Amino acid sequence: MKVGFIGLGAMGSAMASNLIKAGHTVTVWNRSPQAAESLVSLGAKLARTPDRAAQGDVLFSMLANDRAVREVILDSGLLDAMDRGAVHVNHATVSVALAKELTAAHAERGLDYLSAPVFGRPDVAAAGKLNIVVGGKAAVLERVRPLLEAMGGGIWPMGDEPERANVVKIAGNFMIGAAIESMAEAVALTRAHGVEAADFLGLMTGTLFATPVYKGYGQLIAEQRYKPAGFALPLGYKDINLALAAGDAARVPLPFASVLRDSLLETLAAGDEDVDWAALAMVAARRAGLDR
Amino acid sequence: MKVGFIGLGAMGSAMASNLIKAGHTVTVWNRSPQAAESLVSLGAKLARTPDRAAQGDVLFSMLANDRAVREVILDSGLLDAMDRGAVHVNHATVSVALAKELTAAHAERGLDYLSAPVFGRPDVAAAGKLNIVVGGKAAVLERVRPLLEAMGGGIWPMGDEPERANVVKIAGNFMIGAAIESMAEAVALTRAHGVEAADFLGLMTGTLFATPVYKGYGQLIAEQRYKPAGFALPLGYKDINLALAAGDAARVPLPFASVLRDSLLETLAAGDEDVDWAALAMVAARRAGLDR
Amino acid sequence: MKVGFIGLGAMGSAMASNLIKAGHTVTVWNRSPQAAESLVSLGAKLARTPDRAAQGDVLFSMLANDRAVREVILDSGLLDAMDRGAVHVNHATVSVALAKELTAAHAERGLDYLSAPVFGRPDVAAAGKLNIVVGGKAAVLERVRPLLEAMGGGIWPMGDEPERANVVKIAGNFMIGAAIESMAEAVALTRAHGVEAADFLGLMTGTLFATPVYKGYGQLIAEQRYKPAGFALPLGYKDINLALAAGDAARVPLPFASVLRDSLLETLAAGDEDVDWAALAMVAARRAGLDR
Amino acid sequence: MKVGFIGLGAMGSAMASNLIKAGHTVTVWNRSPQAAESLVSLGAKLARTPDRAAQGDVLFSMLANDRAVREVILDSGLLDAMDRGAVHVNHATVSVALAKELTAAHAERGLDYLSAPVFGRPDVAAAGKLNIVVGGKAAVLERVRPLLEAMGGGIWPMGDEPERANVVKIAGNFMIGAAIESMAEAVALTRAHGVEAADFLGLMTGTLFATPVYKGYGQLIAEQRYKPAGFALPLGYKDINLALAAGDAARVPLPFASVLRDSLLETLAAGDEDVDWAALAMVAARRAGLDR
């Protein structure tokens, strides 16, 4: 199939390269064109403008946030350049509100639209093992399923409404944040009673909580290694605010998310913008009078 | 070795039976003696009073809570009946404050003392696969290690101070409670946006959070199956209060634990005493106007 | 002076009438013109469009929220219709972000701008006793001071930056919300122990907390009289969100505001849109298993 | 009437002196007898032991906390020294649980018992203007009313159950704590936007919140004057824990009290034991990155 791919950050590049390796003709675009070079060397065509990348059967996009999606997809006229019946698969983690707006904008133009946010870091994307959450019509999903399977190890349909995939992604990121905060508080508590963080976390992430989420963040916490950021704290703050906004829209109180918001904000207020969101453990320790 | 075992609930019975199977001479005692019958049929001796069970080289106890430990161990005169140099291994989940009091009481009488709370449910105990957290002198631990290994798949020493094992157990249970609450809120959020709980939790516990804790509680939440309780909510409430008390003692604010306390209390206020603590999801749903 | 007044709800009407009574020539505009009738009978001129009301020396506006201000003031071209050097006094409770945007929009056009949100209900406005918080240049304030004094019993300057007045108003409303929640929880606690709400609140609002805020809301709580709303709960929810947004902008964690947000959201989720925000006491009671 | 008074701190001394001035024969006792000297010079008799002070018609006590009451009243045998039909009026701020225990202990011995905690600082006590909250039988209250009126400007009966007065006192102190925290957060928010604390608090405590509680604590916050403590933070922490314990006993979630607990604990963890509980504003400012 003839496809386009917009947004070539660490995630987008890895995903697009798997489409190329699967034999598809991929036209790519990125704001800074250097990011496209390695894909071009794999066989991708470079588009000079985003709408050129949107002229195939399927357009994939992996942009950073609401603002970027609004700018590149909605405000640019790109959708008007797409052929009726083409599909746009949006992998970005965006707000539920924007997801609804995008759904309407595509429908007005006779375009098919899937929300398809992903779970997994760049190495997982490179291995083609992402978990891809999909919101949108089942028939549309079936048309692009082979393409998604080139990028993902699991395809998780959530029903006809595209925004459902977004709320699932948002809720999943909230659960990761909550897992970090629970380790942060538990480590502050046990350290204050004389237990080494590595001893406590070694036990917990080696037994009851033996998953990559807990192991990965647990190790950062045990080593107090918050830089360089794997997932920068301001992004975590953005995601928790997306959860609170989704809760606002559907009238869902989220007390854990409120605590997370306040703790992340406290870190930002302290000037720590470039740390990993594992640094929630730094806040918890400081509140307990540790590490002063 | 000649050992005693006090407290033959589901956990204690399973643990004692593994000591017997490992070839040790075990004298058992329980408040209601019927609980001892199956162990006697395996070869255990039945003590008529707890202090009779305490006259071997090592005494194990697995009692329900602070009150039971205080009554049976501290206020009964039992410690005075033990031989100097004998070891008491206390498997109960008790407060840090009581752990310190027990440490002092044993030291005064020349007795060795280990705090050894466990992670694992009765089926894990029966399989001899418990994770046993140990606080106390390394030399004492070495003396009883073969006995612990008959009951546990992992022995996790936390240093010389017995209460450290207790704070680790308390912090671990807090992390389980936090995992439940994070699923409870995430499910309320996604359900309010039209996603089935089973779809969302199937994804999360099948990928990022693929551990027994998340899978087990996730299934209860997806099925809204809160009775009969695997771990009764009032016990969870007790454990969160132990965490807050340990935080009070060492000056550690625990905002997630405060949220858990309020949510569990709300369930108790609604009269739901006999539900599993997975019922935190019931509170989260009710607050969001779901399931009314 | 020749002045205009836009926005003639209960508050705006009362304020404009005091300007007329003080002898000023007032041109008024309101979306639904009936609201202007009583003012016209007092001597006001009725403008057919908002920009006609904006052609005097000073324009006052008292609009409902960010959206109304954006629509009527910013997006309508109204500012372009004002004479250079004219003053716009904005009494609305709006976000800090919008206040900054308004400041810039006025400056670009050579207009003077004051943020002047007020404390006081319609009866206080009618009596000319409002407390008016003012942000903006001191010289501009002095020019309009006699006009403000016709409407207010207290003028409270907060410095040159207009948005400071807005954050003060927002913080003040947050304090009112916190006062209500503190009564709500205290009443749930004392009621659960057998004390009548009226007895407890009679004591507190008759002694330590003898101010109109506590007395007024305390009476609504004691009588569980939440309809009709004096200050509708969705407005309170809006104001707490303004506080959280102002906290976000300046990196200020506000844990009490987070609790208020969750509790107000819980009321909205229960379908109670038309109650006074004193109904926070209804949530607190329900959580405690009272009034079921 | 022949009365006794036990506990002669700043509050107790002032209260006892008013009984003497009203013409009653007062026998006093205090752990450190110097505190009694000025009362003796006013005409009081000095008892060498607390039970000597308990041999009149009415015994008043004003002790510091649960521990002191337990020691001096319950564990000392003092109640056995009182005449059947005598009245004990307990002014201490104690837990609901201890209040119930005291009620039972007096009933068993045929003694009448009133819980009578007070609102007011030492200067108010000296002026005989305390607000006295009374729990206990109406007939007993009538017998001692003239004595209470010598000490208080307001007598607030809360019904037959003595502990009701205690929960009222506890809930009242919680409301004071909440008022402080609400100022703390509001000041952090407005300061972060450039408003001086004195300007904001001058407005709020001069208008909507013009009561001694807000004015007094507001001034400490505006001046960042947390030492010497008028009401030491650890006492506030104790009182909030009494509120949470009363909530636990009657199944009442108290989210504001949970926030207060965590914030007070954070201050204690920072080593600030000897500050006024107005120092909640210090925590709020620190979290916002102010005053570092």
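For clarity, chains are labelled A, B, C and D in written order, and residue numbers in each chain start from 1.
Keep this in mind: a residue touches a chain if its C-beta (ideal position, glycine included) is under 8 Å from a C-beta of that chain, and two chains touch if they have at least 3 such contacts.
Because the structure is a prediction, the values reported are computed rather than measured.
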item	value
Partner chains that chain A and chain C have in common	B, D
Chain located farthest away, centre of chain B as origin (C-alpha)	C
Centre distance in Å when chain A and chain B are each reduced to the mean of their C-alpha atoms	37
Distance between the centres, which are taken as Cα means, of chain D and chain A, whole angstrom	53
Per-residue overlap in chain C, given as positions that touch at least 2 other chains	247, 251-255, 259, 262-263, 266, 269, 287-289
Interfacial residue positions of chain D with respect to chain B in the complex	241, 247-248, 251-255, 258-259, 261-263, 265-266, 268-269
Residue ranges of chain A touching chain D (in the complex, touch as defined)	255, 262, 266, 269-271, 287-289, 292
Residue ranges of chain A in contact with chain B within the complex	96, 119, 131, 133, 154, 156, 158-159, 161, 163-164, 167-168, 170-172, 174-176, 178-179, 181-183, 185-190, 192-195, 199-200, 202-204, 206-214, 243, 246-247, 250-257, 259, 262-263, 284, 287-289
